[in-house]
């Protein structure tokens, strides 16, 4: 018999995982699939967003409360102060004030997007100068360096101890998880629509032109430097938002949670599975991966007694096999990219018909 | 065509999940029980508590609780010990339940967190999704703080056997900790250093949540101790190494510099090294054997290195440990028949002695089971309400203990462990005990010969 | 550094002064001086390896010149990046077609046209650019009809055949609305009848839209009649220039083509 | 003052990183594949030595060549199972790179399964393997340092001889420089690719097998070291085996001596930043010398230096 309550919790979990992974993967796809930037440092923007939520929002809130103002500097991220401080903020400020909570949520996301965008802009320096693999490795190194620094230098987000994050969903108790989920889904939906709009605009078309043929794009008036920079800024801004949102929903921010495996390589795998360059494909890829992962984690207990190892290793094995099979047999992914028109195809047809009639 | 195929795949996956969740969980009516008598091994416990509210509907069938253990990753050996202890406790609890005709049995579902906070956060959601609302673990403070928000929001009762960060001492949350936090380990280590004549300490620690915390607490305690006793002394800024490091030539060379410098200033008898790390201690020791200065000073470790297998198994590390009389304090499970029973069991299964936290993990399962049986309802809120009472009257493998207002083990004595050479063989032994109430050390008879 | 200021409007739309491009020891373009009059079809001919394509690449910013100047429409554009040269009204085609493979035929044309929606700030607001886009669409489609690619407008470019790609290449350049269009062997590999069609279309456009063309060719038999003025290059140097008749009778030219 | 034991470790470590970096460059030069799976191959090299020693005894050093050959075969398997098809299809650099990441995940999973098996069935302490205890000294110098240095030197010499004196070596160089030309010369490029995958893999395994005598191994150690290896390869310029040997050696040495220097200057808390050094070295190298050490015009540098002095 199926216990509905459990299924509901499971689906809730799958959906929020899906929503956050989708934002990250869509941003990756925009940079890699559309603009052909070898983004092997997706984790960089994600972790920056997370550090904004973990290190900045709380400080701003602490600053607004006179009794807490003294803690809004470097001491804020001292774990002995922080855990209790954030608890106080949550209880006194956010728990009973839905409007303020949502305001804080929006403020954090906006800050994350802005700072993420700035980081994207900074990474455009190597992105313009280096070729594919070199760039990929450089961006990968950036992500690792930032993580290592945040992990060891505590005024950022409390180094290894981490910090608590003001909880913008507490007002909705006991439905705070639902609130977090619904907002995540809305956010993912908006991200999807936004990237679809970009892809279906002259801007997106210019990026694709650059991806297909850089020299021809230059000759036809595309400023490659600017296009790359824009793509990096936009992609990084969204990835940073996803990082900030993840941190707020988890309620705690630790530098070393943001590893290249989880936040760069996993999204890559999602993207490859779904179909590089295709936002719909991305959504499908992420959904399949999240579900399969959940199944492996859940069925592993049944397998445990029969094998002399932890069946959890089947998960990386599965992802590895999928990546290789895809790259050999279906490099375009499950749902390959299709032409995306700026104007609806029907409208184009009608314009064409009129023109053909006039000509004949 | 294609999109239909993909839709089909997704639907199949969702159906898979639904079927996977088919056989779980229980909740059926029953009566209210307020008095429980537990008899296992040599200890008998009688508890009388009034369960909150109207009492539960009663438990039947198989009741599942979760356990989040570090079966892989840096703390894998601790995780394994806890796993064996938990499974042993599960077995005993079920014997007890059937002997009293309780009508329900306990099942512990064990998940691996890979010593990784993100995995822990994922896993508690998975457990929650499987209807599990009471969890033993996670083991590290990093993991506990990562899941805390979720546990509090969703009212999942968490009993950690080994999270010791003082930052998590927060009253009235859903986190209980059956081990004392580092505010107690700090004074213990400081006292050991002080009593061995050390006034100048150079710390070496693992730069992670736990290492940073322990070092900070011990530094604080040691400085306070110096002030209280009114003597000169200092705590060096020390060496903080990366948690992933597996090779320490630079670290040890640097340490040697510091030590040589302080020996020349203060004399070898006043200088000590305070080491906070996990099983990489054996690599560190292997490197340290190359330096004579490092053998002249006192070495004190922490609970992370107490009882670590590699320190006795690897010849160079073991020899070094014995040569410098490296002492490792660890929270002391009071020795009692249950303690020995569990120890023998783990020795049988894993071929090594369990760490202190394994006893706490064992106790966590028992306390949860007793509490569940008392409230007769799989309701974390009710279990949370009676749990501190149950603890007070429960005689566990780690001895009698109490919880403080933060839901943590209120205090504890600390066993001081050492790698001892007897008949040419290296084995873990006890060099003494630090008493919490008096802040004094009772050295073992055999060890007194080696005291300065 | 030369100032990028205006040099002054003249009857020539493009003028190169002692243009030099070297590849290591090889001088691919050696002190080339070429002048292109407004509203003419100027032809640049020469055998393979004469340096014609390198010359165009150097003029349009794909390659950086090692010496000399390029004056376009009164502006010194020497060493400008390609997209700025495009913006000032000078485009070129590629000898080996370089289509945007995953874009449709129609989009290949549209992408070459200017549109305010290319700014990322305006891109999400469709209303701010859709009118412009529809205008572009009409223009693009009329060009596709002219070059006979209108049937394939919604095909991705990689699905086209070689000759069709060649046409797409020309159509894309024509769509830009540039002042000067350099066509790098537009009829290479195209059958003579079709080639005549293309070239006469080019001439018509010159008159209708007041455009200027630089035609790079080595097939003089077909192309020569369509040119107003001809330059001949060999081994990096201009060896002859004049009207088609003059050039056709120039012994040096005959030598390199026959001898 | 720098202790001799630190110097020995630094030399051994740098030499092993040089070997691994050369392996990355080898595969990249021939097949344009940035091999992420190098990470797990290094770990496998370590575990081969450990496992064979525990099962068959003897001295652990005798299993080093075995480990190298086996990881070389892993490389061959990777080439044959997917890299070959991707190359034939003309897949882009990113696809090639991603596919090796897939292989890395599989190898990592298998290695963890091996470690689980060793600890559960054979009760070995398999998540921290330490072979340093079996190391010995020759004339006061640790064998681990000696052998690593000897191998790097002989490798440099033998690669030079192999590529300039043997028929296959010359063919290999020709293929790497110009695959089309190789076809004309009657060389089978596939054999060349296969060989470089084997040598590349063997170098990773060799580096790992020797490294386990100076530092403890655990299943994800390769992922921890991979950035250092990449750094070595990139600093070396990616298109020169000698460059990568030199680059790897320099990056490894800078990690040791750099962190030693930093911790002497700023205190022991700097030691936790150890991993940052190779990363920074690589980023700096890429941004200022995109061609790596192999691509720097040394004549110009000399001129600049002289110019500044005068």
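Chains here go by letter, A, B, C and D, matching the order in which they are written, and residues are numbered from 1 within each.
Everything that follows uses one rule, which is that a contact is a pair of C-beta atoms (placed from the backbone, for glycine too) under 8 Å apart; a residue touches a chain by one contact, two chains touch by 3 or more.
Just so we're clear, the structure is a prediction, and the values are computed from it rather than from any experiment.
Engineer: Please name the chain that ends up farthest from subunit D once chain centres are defined by their CA atoms averaged.
Structural biologist: C
Engineer: Please identify the chain lying most centrally, where each chain is represented by the average of its Cα atoms.
Structural biologist: If one averages C-alpha positions chain by chain, the most central is A.
Engineer: Report, in whole Å, the distance between the mean C-alpha point of subunit B and the mean C-alpha point of subunit D.
Structural biologist: Centre-to-centre distance between subunit B and subunit D: 38 Å.
Engineer: Where the centres are mean C-alpha positions, what is the separation of subunit A from subunit C, in Å?
Structural biologist: 43
Engineer: When the C-alpha atoms of subunit C and subunit D are each averaged to a single point, how far apart are the two points in Å?
Structural biologist: 49
Engineer: Centre to centre, by mean C-alpha position, how many angstrom separate subunit B and subunit C?
Structural biologist: 75
Engineer: Of all residues in subunit A, which are in touch with two or more distinct other chains?
Structural biologist: Each of 152, 310 in subunit A touches at least two other chains.
Engineer: At least two partner chains per residue is the criterion; list those residues in subunit B.
Structural biologist: Correct list: 72, 207, 240.
Engineer: Going by the touch rule set out above, which residues of subunit C reach two or more other chains?
Structural biologist: Subunit C, residues with two or more chain partners: not present.
Engineer: Who touches whom among the chains?
Structural biologist: Inter-chain contacts occur between A-B, A-C, A-D, B-D.
Engineer: Can you name the residues of subunit A that touch subunit B in the complex?
Structural biologist: Interface residues on the subunit A side: 1-3, 5-7, 9-10, 12-14, 79-80, 82-84, 87, 151-152, 159-162, 164, 167, 170, 173-174, 176-177, 250-252, 254, 256-257, 259, 262, 284, 287-288, 291-292, 294-295, 297-299, 301, 310, 312, 334-335.
Engineer: Which bits of subunit D are touching subunit A when the two form their complex?
Structural biologist: Residues in contact with subunit A: 28, 34, 81-82, 85-86, 89, 91-95, 97-99, 101-106, 108-110, 112-113, 116-117, 120-121, 223, 227, 230-231, 234, 238, 269, 272-273, 275-276, 279-280, 282-283, 286-287, 290.
Engineer: Applying the document's contact rule, which stretches of subunit B touch subunit A when the two form their complex?
Structural biologist: Per the stated touch rule, the residues are 2-3, 6, 9-10, 13-14, 16-18, 20-22, 24-25, 71-72, 109, 111-112, 114, 117-118, 121-123, 125-126, 128-131, 142, 145-146, 148-150, 153-154, 165-168, 170, 207-209, 211-213, 240, 243.
Engineer: Along subunit C, where are the residues that touch subunit A in the complex?
Structural biologist: The touching residues are 60-62, 81-83, 86-87, 91-92, 94, 98-104, 106-107, 110-112, 114-120, 122-124, 126, 129-130, 133-134, 137-138, 141-142, 145, 150, 153-154, 156, 172, 176.
Engineer: Can you list the residues on subunit D that touch subunit B in the complex?
Structural biologist: 1-3, 5-6, 9-10, 13, 112, 116, 119, 123, 125, 127-128, 130, 132-133, 214-218, 221, 224, 256, 259-260, 263-264, 267-269, 271-275
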